[in-house]
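Alright, structures below, take your time with them.
Here chain A shows up in two complexes: once beside chain B, once beside chain C.
For the complex of A and B:
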């Protein structure tokens, strides 16, 4: 009977699909494993050969040198400061605006919202040159302010918070309104705590974006002592370090990615849930 | 307006002010200032600037290198956007569902997208390196001379596209996973009663249900890949012989290496218009098909 055969045939197909997927996943991981392994090999060994996926002979010298003599810890510090302050400011600015769009009545509300959403279509490079001349006029290049401020007013953040707050049932605020609570109290005591899922997602994405931000930091932070780790890594690519100290370069890359990978592994549930939220049904 | 209404409008203004002020100063104003700059012969060094009307755009029209970057960028979009959409869809279909193993697989495919472009290019420049790359043992085994992918005018762009694929499948895959979880179970149950084959279910139920997401992913990918900069800038520096020079890279080079910001602003706006055109076209095509 076909009813009996069908599941078996289906299972065989499942196994094939699973097998193919596992092979693809292994290929996906291969470059990462190889790089980590190189970062744990002596530079002299890498001059001779880069083959092999296991770190034999093994050394952690590349990492200890990194902490001792290189600029990487300083770059990491800049990245942390920039990413944290950008995340905080995006959350504050977006949730405040989101509350206004979701709950308050005021003139030109629709127009302002459409204007905000229209910003989604403006790509980064379209404002790159003018932003550069503006921050040059203000004498603000090579500062944390320059790296953070142009990324604070993000339309997608306001959109996400507006959608999320709109979906919160109004009954929760009505009790507070009876008590004549101010809008700020309602926002702070009721809406923000209820918006934690959206805030988590927005915060994570902003942090990852900030950490990996490249074009703007590349033109704005031009002094090596103001590089973020992403720009710093670009500066050591392609020069002699590549041939002389391959292990050190790889160690820098691994070290620079570590915070973001750890963050991803801890919060990946929220990231995937957030994509669903952003897609906005 | 009532007193209450006016009060609420004031409150709204306070809530909106932080976003709107920053948005106006660092997004809306620069957009117009960019147009203004593009109408000037504007040099970064020495502050030389002279209003020249549309001369930059006229120069652009006769600039062979500009058209080369347009072609390169379009080529890159054409080879990456469909591939990324298709591969992320296939991966999503493969890893969708319950179970620990599927969860781990999802993490693996998503993980590469949290890396920065500098880490991705570092990894792939090494992987593709002709003398110390990951493929060298394979070449040796085959008794062949390794191909220098990034130094070869034919292979350089596809090689950059490969690195981009590895980097970029995570987000579209997550979008597809979200869409798959929205398909009502009843639809599948009905198909099961009909003894429909797996392929029929995929073709008749799954794919039509997530069609809006497929369009969304395709549009997002096209918009994203038009802006390719880091990979080309770091892996090939636009070479060999401009084979991988892209539009954003041309903006960067003109503005920050040659310091001709007026001309750079004109290139940037040309790209912006090109991207808007493509997105409009695609949305229009999507809508036309919906109505048909």
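For the complex of A and C:
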């Protein structure tokens, strides 16, 4: 008897957990559905009412209007260039620094590490003005360099890679050292392949950050032909867009987030693993 | 590898664009503005009768200038989202691509003139044939700093009472001439509101009440002027907020909420929706809403069928109302050539000549000749709020006036959002604003 009751109890618990998960998932999804639904409604209708999760009356005009803004492909191009090159550079810098901090011995290592980590405590806005003036003095604004370079030295990336590489068993390295492998060979042939989960996580988060970045591109790229997609889409909004052009605003939001959504769907496994990894450390 | 065709096409486009920019004899002007991008709908429109709305009209005007001017000048608009506009304009002075023409609110101009960032326009107006005597006094005052003109006034935008006449009729609040009967004193505003609510069961007032636009600060400021008090002194060093007049005005606005005559839960769009859906008799919002509400009422889709507009009534005595101006400036740029400056001035003259077109947005014209013209009188509802031009009160030319405005509304809205007493709210506003003004000394 008792042998039969336990699974039933277990099943009941599963059902409760499933129910709670569904409710929480619905709570998270509702705003997204609302956004998509509003993006498919006429602006005049939305001025009267924003309620209802179904796009009735239905229109795709908000999207076709967006496509008719001739600069949109150029803005997408800038976003892709900036996000990809930033991701690549962050991975290079963070993995090299991580390896050095985790495995190599050099003077002032601890001090340097503490200094790097201290960078985590400096809020972005505190350095915005000096950064802006520096790039202005060098005449670098309105360039990909200006959009990417300030974001390459990322303390959290160095920290993540250091922690991850510290956990890699030393025996693997020692075996390579016996074969007279150089530091770089060890880094390239052993540490890097073993760090793929951490690299993927860091890469994805950097890409998402770069794609969504708004404040720095806004002040640095002041020419419309250098806008990234976030700044560009914001620039086409009318003054009272949140009431008179709400459908267009929502269509912009959906459009700009599509690449990130696709990325998430493809790399979902790594992102979840990355969050778990961050929590475990 | 499969990326290269796209890359190639983009590189070609960039090359073509740069070649076009440097072709001989052409004067390229950059125009920095908000109002949105509507190239999709108006990219080639030069026929002004086909353009509507702020974005459509300014885009068509720009196209028309490009097509018709004899200087070989081409104005290219660069749009910035309104919330980020002044940050980006300021940034251009450092990034090195200062626009040749830029839109500016009069309330922001002192921040730029005090740092010599704008070109004085007195001589340009004289040379370009822009008649400054035709400007409404408040508008010209808004464009002037230390006796010099720094901007071409383009409109006056003030707050108005947008009225649902069906609800007013239901409550019996209609004058013999068909205009809405509005309160003439604070006491009357509350008593009429109560009577309205009893008769119709609807809200008397709808307004953005969540701070983002500070609509009720604009109303409160209007009530201060109506009592003869300037919130900011002309020299920008003192603020009169925590005063008996301030308290009277604040108590009236709080009472609207305490008595249930207005819904405190409305943001900007929520207030518009309440009005369009026939849930409130009077919407307090700016001139920029007129054509939209008119179109909504005419569409037959909204519960609002019978739309009318009124000046903000002189509840505290004098007919005064908050107003700001959209103006056009030429940012100072030592590298701009004489030809470019001449073309920029020609563009200002063109905009001024076409001021009537801009008045079709719902904003009030700044040119007396336009205000008195039959075309203007024929625009929907304009006669109903023509008095606002005279009641419009110029903002003092004070630095950081936007910061002052923003510092006020959080504390002010706390009156109905968290139940703060008016006296406490005003004391808190006074100290926040004093802190900002100390920087101006």
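One rule holds for everything that comes next: the second predicted complex is superposed on the first by the 194 of 281 C-alpha atoms of A that agree within 3 Å, B and C clash if a C-alpha of one lies under 4 Å from a C-alpha of the other, contacts with A are read in each partner's own complex, and residues count from 1 in each chain.
Going forward, contacts are C-beta pairs under 8 Å (C-beta built on N, C-alpha and C of every residue); 3 or more make two chains touch, one makes a residue touch a chain.
All values derive from a computational prediction rather than experimental measurement.
Residue contacts after overlaying the shared chain place A:50 against chain B and chain C alike. Within the superposed three-chain model, A:133 lies in touch with chain B and with chain C [touch as defined at top]. In the superposition on chain A, contact is made by A:70 with chain C only, not with chain B. When the two complexes are overlaid on their common chain A, residue A:176 makes contact with neither chain B nor chain C. Using the contact criterion defined above for the overlaid structures, shared-chain residue A:261 touches chain B, although it does not reach chain C.
Of the two partner chains, chain B and chain C are each touched by A:237.
By the touch criterion stated above, A:116 is placed in contact with chain B alone, chain C being left untouched.
With both structures placed on the common chain, the touch criterion links A:192 to neither chain B nor chain C.
After superposition on the shared chain, chain A has more residues touched by B, the comparison being chain B against chain C. Legend: residue contacts after superposition of the two complexes on their common chain; A:102 is shown touching neither chain B nor chain C. Judged by the document's definition of touching, chain A residues 49-50, 132-133, 136, 218-219, 234, 237-238, 246 lie at the interface with chain B and also at the interface with chain C. Listing the residues of chain A that touch chain C in their complex gives 44-45, 47-50, 65, 68-70, 73-74, 77, 132-133, 136, 139, 141-142, 218-220, 222-225, 234-246.
Residues 6, 10, 13-14, 17, 34-41, 53-55, 78-82, 84, 87-88, 91-92, 94-97, 268-269, 272-273, 276-277, 288, 292, 295-296, 299, 301-302 of chain C touch chain A in their complex.
Partner chain B is touched in their complex by these residues of chain A: 2-3, 6, 10, 13, 17-18, 20-22, 24-25, 28-32, 34-35, 38, 46, 49-51, 92-94, 96-97, 99-100, 104-107, 109, 112, 116, 119, 121-134, 136, 149-150, 152-153, 155, 158, 183-184, 187, 208, 211-212, 214-215, 218-219, 229-231, 233-234, 237-238, 246, 249-250, 253, 256-257, 260-261, 263-265, 268, 271-272, 275-276, 279, 281.
Of all residues in chain B, those touching chain A in their complex are 5, 8-9, 11-13, 15-16, 18-20, 22-23, 26-31, 33-34, 37, 44, 91, 94-95, 101, 105-112, 114-119, 121-127, 132-134, 136-137, 166, 171, 174-175, 177-179, 181-182, 195, 198, 213, 216, 223, 226-227, 229-230, 234, 237, 248, 251-252, 255-256, 261, 264-265, 268-269, 271-272, 275-276, 279.
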